[in-house]
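Dropping the structures in below, format is structure tokens.
In the two assemblies presented below, chain A is common to both, partnered first by chain B and then by chain C.
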Partner chain A sequence: MKKSIAYLLMLPGLLFLVFFMVVPLLFTVSSTLVQQGHFSFDGYLAFFKDQYFIEILFNTLKVSLITTLMCIFISFPAAYYISKLRTRKKTILIGLAVFPLLTSAIVRSFSWMIILGKKGILNTLLLHLHIINEPINILYTPTAMIIGLVHLFLPLMIISLIGVMENISDDLVQAAESLGASRFTAFRKIVFPLCIPGLVVGSILVFVGSLTAYTTPALLGGKQQVISVFLYQNAMTLNDWYAASIIATIMIAITFIVIGFMNLAARKLNPKG
Partner chain B sequence: MSLLSLNNVSVAYDKNVILKDFNLNVEKGELLSLLGPSGCGKTTTLRLIAGFLQASGGQFIFDGKDYSQVPINKRHFGFVFQNYALFPHLSIFENVAFGLRQRKVDRKEIEKRVKHMLEVVSLSGFEKRFPAELSGGQRQRVAIARALVIKPDLLLFDEPLSNLDANLRVTMRVEIRRIQQELGITTVYVSHDQEECFSISDKVAILNKGVIEQLDQPKTIYKYPKTEFVARFIGFNNFIQCRQREEHETHLTFFTEQEKFEVQKNAGTTSTRALKLAIRPDNIVIEKCRTGSGGTPGHRDNTLTGQVKISTFLGRSYQYEVDTSLGTFQVNREMEMPFSTGDRVILIFPKEKLVLVD
Partner chain C sequence: MMNEKDRGLAIFTWLTFIVLLGPLVIIIITSFGADSYLSFPPKSLSLHWYQNIFETEGFISTFKTSIFVSLIGNLIALIIGIPAAYALSRYHFKGKGVLNALFISPLLIPGIVLGFTMLKYVIVTYHMPIYTGLLVGHSIIMLPFVIRVISSSLSNFDFSIEEAALSLGAGKLATFFKVVLPNIRSGLIAAILLAFLESFNNVDISIFITGPGVSTLPIQMLQYVENYFDPTIAAISVLLMILTAALMFFIERLMGFSYFTKK
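Now for the complex of A and B:
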């Protein structure tokens, strides 16, 4: 009786997901495997033989990886600091960390254009300070794209990390130290492994987010192509839905591979995570 | 010379001073308890000794050396936390082995010592489990094993039994005492459970608001509390403030406005000029007033007449609150022939049961 009620409660959500996500997904994937009525893998082979596509794919992965690593490095100390604070200050700082999530990616990208542009705030400042003699080109480069993406996804990483760090009590560090471990060893052997679940969740969110982000790379990356922009061009500009579906399927596959790989790494680093 | 001495140390959180000019000496091999109400600074004292906190003044001598600047990981003290603080991502074996690994003890030796220590705390066979898979009592024993296996120079316990049920608490405290004596490790033990402290300690220090009110053997404290705070803390709920005292050969005589109390001389009366008497509710004798109401009975020393105000059934005994000319007294009495509210009674204060407190 109780169980059937539980299933009943799950039904609306389940139906929604099946009809608006699983079914379209199956259509998309199956459409890429059929050509002129026959099962065929040729579409994929063609893509992986295409030098241009491979370049875009690697570019995207590189940008996502760098973004993820940058987010980890920036978030870790910040999250650690925030997690050690007491209620009031903590609430304020978490609010500030999350605030960017409340503004649209487009607005944020335009802000970066104003800052990073040839006559932007950054160049003007550096020129005035005589640190550079000519404006530097940041906007419409991979650097600009990574800056934009890091800004976009930093809150997700910070929140994920604070979540785990809050549960690591000071006593654990002190216990380790009283057993002879230096501060650094205590961090390496106790704090860090306990952060891994949050690190994995954060990394997956940031990596997959960067992989699929469209607005930021499109606005800040200039000629630099990433896979989501490429997908959009194929679908909307070239009207080649077959190619677009293949790209989409490849992106989904990559996402799953990344998640699987991260979980594997997590289990290795923290068996009890 | 004491193994550990805190001399005039002070500790403050921000501006909130917790310990001021605090002194404590612990002798080699003894188990000393810090006992006191919540918030009196027990944990603070323990954390100070462990090095988790820095004193803002004074001296910390351990084994003849100044330890105030020695970092935590060089002190070689074992600490058992109130919440155990086991490493959740490490197996029981690895938890216990942690301290040995930091000391670069070789593999075989680690294996041997961890196995042996788990035997000592009766946890053989639990090596592969994780802390989340243990009961509270088992976790607590892992915490003790982890602190003991490094053969610390000093063992610090912060209310290690407070999360356990009553039976386990008794078993574990006997166990702790046994291990401590077997290994001869000097120990500072914090608790707010009197029975626990009194039963396992060589000495007990009673703390009140960051000040040690009395440091003595458990028996001495139990029999002869020195201050009103200590007396109250260990169950002397009745006090008589006197105005004057006279010294005689075998006893002392104390005077209030109208009453007179004799106190037998004992170990607790020798060195104090105190004017306050204390007595446990169990030690006051309560009798029915023989003469009718009104008339004063043939007034004897060490007695007060009064009226029962509240009578509470405690199971094995009754507790009475009796109003007298010197205030309200709490008296316990076995079941037979209970008094009821309003009864006139005589309270008798045996002279060998009265103690002097500051």
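Now for the complex of A and C:
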């Protein structure tokens, strides 16, 4: 009796999702596997033989990996520092990290257009200081895209890490140090392993986020450099919906492979087993 | 006890925040520049670009569309999300894990994929009008926020209070509205605000579901940036940041920022 109420309460949401999300997704995936009424994998074979597509795929993965590593590297010290604070300062710093997170990606990418453009702040500054003789092109390159993505996803990593670091007792670190471990050893053997769950969550969010981001690559990276922009162009500019469906399916597959793989890695690395 | 290494950490942290917030400060300063191209620092100050927002066609109308879609979409997400969140936290049943994952899945599926498949089926195959399609798409991306925030509020709720109301003869629906809902009010409002921001800033869905006369503010901004490189977008950005800061202030009051770190 009670159970049927539970299903009944979920029914509207369930129908909504199935009708407007699940069915469109399933049909999109299945449409890529059927050609002239027969099951066929040819569409995918053609894609993976295409040098241009492989390059885009490889570029996207590379950009996402660099972005994730940079976010980890920058976030660790900052998150550790914030997690050890106890006062209002902590609330303010977390608030300052959350603010960009809730701000439009267009606004945040646009700020880098002002900074990195040919007549941008960076070029003006470097020319003024006579470090360079003519403006350098950073905007509309993979570098600009990575800078924009790191800026976009840094707060997610900081917040994920603070979440786990808050729960690490100072006593543990002090005990290790009083037993003769150096600060670095104490960090490596005690703090770091306890951070792994947060690190994994943060890395999944940043990696998958970079892999599928559209706005930042479209504004900062120039055209045709990452898979999400490629999907948009195929669907809207070239009107090739078959190709777009294949790209969409590949994106879903990669997303779930990455999430599955990282969860598996987390289970292997987790000190608690 | 502040020692050398802690000071190093502090300096690194402040540098990180300068990189994080500096670009936003630069936008604010640029928006007050008088030049018709983006220069920093501006040579003279003006409010011209703020005026330009209202004089350029498209910004005000798409702003209205964005507000409408985010508010009504929010309402739809709440109507279908609250009962689902309640069922997921109140009852134990078969397939709970799978259903929970399904309700959160709009967050996991790449936005651009979701947008494309919606264009393909919701607009083209189901023949839904663009405006309705936008509402449906935005409701779907807001649903996970509603479910997550309300579930976490309900997990702190003592259901024996509900039992007490029921045993005293209150109806099931009356109990929900008069006992359960007031108790999770702050979580509910935070869910509404977070979902609103997610929808209001959305590009991935809206960029596929636009048509003659129907577009959202972020899409209008993207199109403007492609054609013009003047501080109008900086001025809009400042207004959007004020909106974000105001909503964030309420979220902090309602749940504290610890909500973001404890997920």
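The criterion applied here is as follows: the second predicted complex is superposed on the first by the 250 of 273 C-alpha atoms of A that agree within 3 Å, B and C clash if a C-alpha of one lies under 4 Å from a C-alpha of the other, contacts with A are read in each partner's own complex, and residues count from 1 in each chain.
Here is the rule we go by: a residue touches a chain if its C-beta (ideal position, glycine included) is under 8 Å from a C-beta of that chain, and two chains touch if they have at least 3 such contacts.
In this text the structure is predicted, and so the values were computed from the model without any measurement.
Visitor: Once both complexes are superposed via chain A, do chain B and chain C end up clashing or fitting?
Guide: Here chain B and chain C can both sit on chain A without a clash.
Visitor: Using the touch definition from the top, say if A:H151 reaches chain B (first), chain C (second), both or neither.
Guide: second
Visitor: Name the contact category of A:T185: first (chain B only), second (chain C only), both, or neither.
Guide: Touch status of A:T185: first partner only.
Visitor: Which partner chains sit in contact with A:S169 here, chain B, chain C, both or neither? Use first/second/both/neither.
Guide: first
Visitor: Based on the superposed arrangement, let me know which partner A:Y44 touches: chain B (first), chain C (second), both, or neither?
Guide: neither
Visitor: Looking at chain A, does chain C or chain B touch more of its residues?
Guide: C
Visitor: Looking at A:F110 after the superposition, I want to know if it touches chain B, chain C, both of them or none. Which is it: first, second, both, neither?
Guide: After superposition on chain A, A:F110 lies in contact with chain C alone.
Visitor: In the superposed arrangement, which partner chain does A:K3 touch: chain B (first), chain C (second), both, or neither?
Guide: Touch partner of A:K3: chain C, not chain B.
Visitor: So, does A:Y242 touch the first partner chain B, the second partner chain C, both, or neither?
Guide: Neither partner.
Visitor: What's the minimum Cα gap, in whole angstrom, linking chain B and chain C in the superposed view?
Guide: 7
Visitor: In the superposed view, which residues of chain A touch chain B and also chain C?
Guide: On chain A, the chain B and chain C contacts do not overlap at all.
Visitor: Show which residues of chain B lie in contact with chain A when the two form their complex.
Guide: On the chain B side, the touching residues are 50-52, 71-73, 75-79, 81, 83, 85, 87-90, 98-99, 102-103, 130, 132, 146-147, 150.
Visitor: Once bound in the complex, which stretches of chain A touch chain B?
Guide: My answer: residues 169, 171-172, 174-182, 185, 189-190, 193-194, 270-273.
Visitor: Quick check: in the complex, which residue numbers of chain A touch chain C?
Guide: 2-3, 5-7, 9-10, 12-14, 16-17, 20-25, 27-28, 74-75, 77-78, 80-82, 91, 93-108, 110-115, 117, 119-121, 124, 151, 154-155, 158-160, 162-163, 166, 183, 201, 208, 211-212, 214-215, 218-219, 228, 231-232, 235-236, 241, 244-245, 248, 251-252, 255-256, 259
Visitor: Which bits of chain C are touching chain A when the two form their complex?
Guide: 5-6, 9-10, 12-13, 16-17, 19-21, 23-24, 26-27, 30, 37-40, 79-81, 83-84, 86-88, 90-91, 93-94, 99, 102-103, 105-106, 108-114, 116-122, 136-137, 139-140, 143, 194, 197, 201, 203-204, 207-208, 218, 221-222, 225, 229, 233-234, 237, 240-241, 244-245, 247-248, 252, 256-258, 260-263
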